[in-house]
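Heads up, the thing below is written out as structure tokens.
Chain lettering (A, B and C) follows the sequence in which the chains are written, and residue indices restart at 1 in each chain.
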Amino acid sequence: MPTDWTPAALSDDIPAASAAPGQLGPHDLAIWRSASGRIAAWADRCPHRGMRLSHGYVRGERLSCIYHGWGYGEGGQCVRIPAHPELTPPEAIKVPVFRAVEASGVIWVAVEAPEAPPPEFPGFEAFRSLQVKAAPEALAGALGGSGLVVEAALGGATVVALIQPLRDGAVGLHLLAPEALGAAELDALSVAAEALRRRVEEGVTA
Amino acid sequence: MSETGAMRDHWYPVGMTKQLTEAGRDTLLMGEPIRVFRDGGQPQVSDGAGRALPVIDRFGHVWTSLGTPAKDLFTIPEADQPGRRLVDVGVCRVRCSPLRAVENFLDIAHFPFVHTDILGSEPHTEVERYEVEIRDDVDEVWATKVKFFQPQAAKSAEGGITTDYMYRVCAPTCSVLYKTCPPKPGEWDVIALFVQPLTETLCDVWPWMALYDDDAEMTDLIHFQQMIFVQDRSVLENQLPALLPLDPGMEIPTRADMTSIAYRRWLKRHGFTYGAQLVAA
Amino acid sequence: MILYDYILSPSCYRVRLMAALIGRRLDLRPVDFHPGQEHLSEPMLALNPAGTIPVLQDDGLVLTESTAILTYLAAHDAPAWLGEDTPAMRARVAQWLAFAQRLTDSAGAARAHDMLLAEGEIAALRGQATQALRELEAALSAARRRGEGFLAGNRPTIADIACFPHVALAPDGGLPLDPYPSIRLWMRAIRALDGFIEMPGIHRLHELKPEPGPMPEVIRKEKA
């Protein structure tokens, strides 16, 4: 289990009033942003019937399950059960909540709050998230580094690559690009990232 | 893969009679390969070793068992009433526990969210109290006096109506529901869900209906039910854990879930645990 | 206009969705594709010897390719959806209409295999679909960088409608969409369009409706 912050998604990829699936080690996450912009990472499982909450919908400051519309508010507390509209849901009905903060355009998650805040990367901005079918070490190696945070040359730019170990032999690659790169340079970076993925995945199957 | 347990000695649907050919269909029943085919016009089923398995041809489907069923396959007396149209809806495969597929069929509270503007719609989300019992004489789970407001209850329904339902679990992976029949007040439409457990987390679902509806095209009736079931499919494939938890604590029911609570209790009582998990993971 | 239709067919849904978005009423003729195989019956083969659906009939015109039907509906009722503002836009639409066929042949075939037990080499189909989805994700992320939310520009065209169904239903064929954030945002934008309709497997965007009724705390106060 990672004890540090794990990059799980880019802030721009989860706009207000939307939810997306994510992972943190063995945990499935529903990462969602309320209408007012608050980010949260919860267990991706409605306590009622086990449906993935990341398939749900956001109204205002609540995330609701797509299966029966059970609505959950701050702290994962169930606040509404449509089958019993007049019932105040018992406090025991609660979705497990993880830590989620945003820095440098990245959504970082953790089981318990690590002592230090997540790293900042001044001069860089979030670019793209890709999924790669490879081991974290293989991806870091292909970027010419090691560990889960690699500064690398890619597509003619210097980028920060945040590597997120995922289950089933995959990794998330969250790329940060230098601020104020032009459109053509960003397109070149995207092409280079796709090429990197092909290279790493071919290495895996070779 | 867990033991097939007490469910081994029960009947399961393994194909549509009308679709059966001499070449047959290779499929699975509770993890074991079987072949369903026609021989001399009669439906036959053989197991992986080529041994003949027992066969019943009923409700438009071929039924078999890996074990030794102690009793005949259930009956649906209403289906024999004259004037009903019998509808083979066809197979739909789902990556889920066969028991979760049945449990979803017993649930009405999801109608406004999964079958939006057809079987339910906000703000009509309330589930009123209904009655549930395990009928010991027939060993079936029954839910009665179930009511729900529906914008389009059936192909034949025009506009919203409060629909009455009865639910019946008559085999570990089979359920029959009875609901208000818009063209024939006082009678019930019969809709059945027959589930073939391929493995504990994969099933072939064969919906079947016996309806009073003289006007609709058969294809419309088939498509209506396929639409409803496939709306459920993406929910069924995204429940965690995949196996149905039979021990309390893993999932939180409310009064609206009384049928599911009784179904789970009945499964546990009989040791019907293929597709279930007994201890919270 | 008569549409020979199947409720579970993503290619038929392309046509139903397009018609709904532009307000065109279609006379639907349901075809018992599954389990009845009616698309292979003599009357249907007489209409379309290829044995596929959808088929659109309008006066003497018979169209059997869903992307051609989209072109016809848009040209007939809502030409802006053709995306013909510039030569480049027009070509981009044509490019994505061809791409949509790759989705049908990969993601669509994987779904038919996993759901309706159609024949198919499932690993190869998923591999081809994953490749297509990655291309789409890259293109949509580039579109977002240009401030555009759709495939051929800053408004939806028949290209989006051609690609949307097989992408949105890819999970039915064992292809999760978790790795594709730009695809997720694009699908959301399409689902939020005025006149959008679902098909089974695509849920209603419930967030577009307000939470109904009073909240429990309000009820408590009223009862006190």
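Rule of thumb we're sticking to: contacts are C-beta pairs under 8 Å (C-beta built on N, C-alpha and C of every residue); 3 or more make two chains touch, one makes a residue touch a chain.
On a predicted model such as this, the values are computed, not experimentally measured, just so you know.
J.: Could you draw the chains as nodes, link the ones that touch, and say if you get a line, ring, star, complete or other?
T.: Per interface graph, the chains form a complete graph.
J.: If you average the C-alpha positions per chain, which one ends up nearest the average over all of them?
T.: Nearest to the common C-alpha centre lies chain C.
J.: Distance from the CA centroid of chain B to that of chain C, rounded to the nearest Å?
T.: 30
J.: Centre to centre, by mean C-alpha position, how many angstrom separate chain A and chain B?
T.: It comes to 38 Å between the two C-alpha centres.
J.: Which residues does chain C have that touch at least 2 chains other than itself?
T.: 203, 206, 209, 213
J.: Enumerate the residues of chain B that touch no fewer than two other chains.
T.: Each of 113-114, 122-123, 125, 234 in chain B touches at least two other chains.
J.: Find every residue in chain A that makes contact with two or more other chains and list them.
T.: 55, 66, 69, 85, 87
J.: For chain A, which residues are in contact with chain B within the complex?
T.: 28, 44-45, 47-52, 55, 65-69, 81-85, 87, 92-93
J.: Show which residues of chain C lie in contact with chain A when the two form their complex.
T.: Spelled out, the residues of chain C in touch with chain A are 134, 137-138, 141-142, 145-146, 178-179, 181-182, 184-185, 188, 203, 205-207, 209-211, 213, 215-217, 219-220.
J.: Taking the touch rule as given, give the residues of chain C at its contact with chain B in the complex, in rising order.
T.: 6-8, 30-32, 34-36, 38, 114-117, 171-172, 174, 198, 200-201, 203-204, 206, 209, 212-213
J.: Please name which positions on chain B make contact with chain C in the complex.
T.: It comes out as residues 16, 19, 88-95, 113-114, 116-117, 122-123, 125, 204, 217-220, 222-223, 226-231, 233-234, 237.
J.: Quick one: in the complex, what on chain A touches chain C?
T.: Chain A residues touching chain C: 9-10, 13-15, 17-18, 20-21, 55, 57-60, 62, 64, 66, 69, 71, 79-80, 85-89, 128-131, 170, 183, 186-187, 190, 194.
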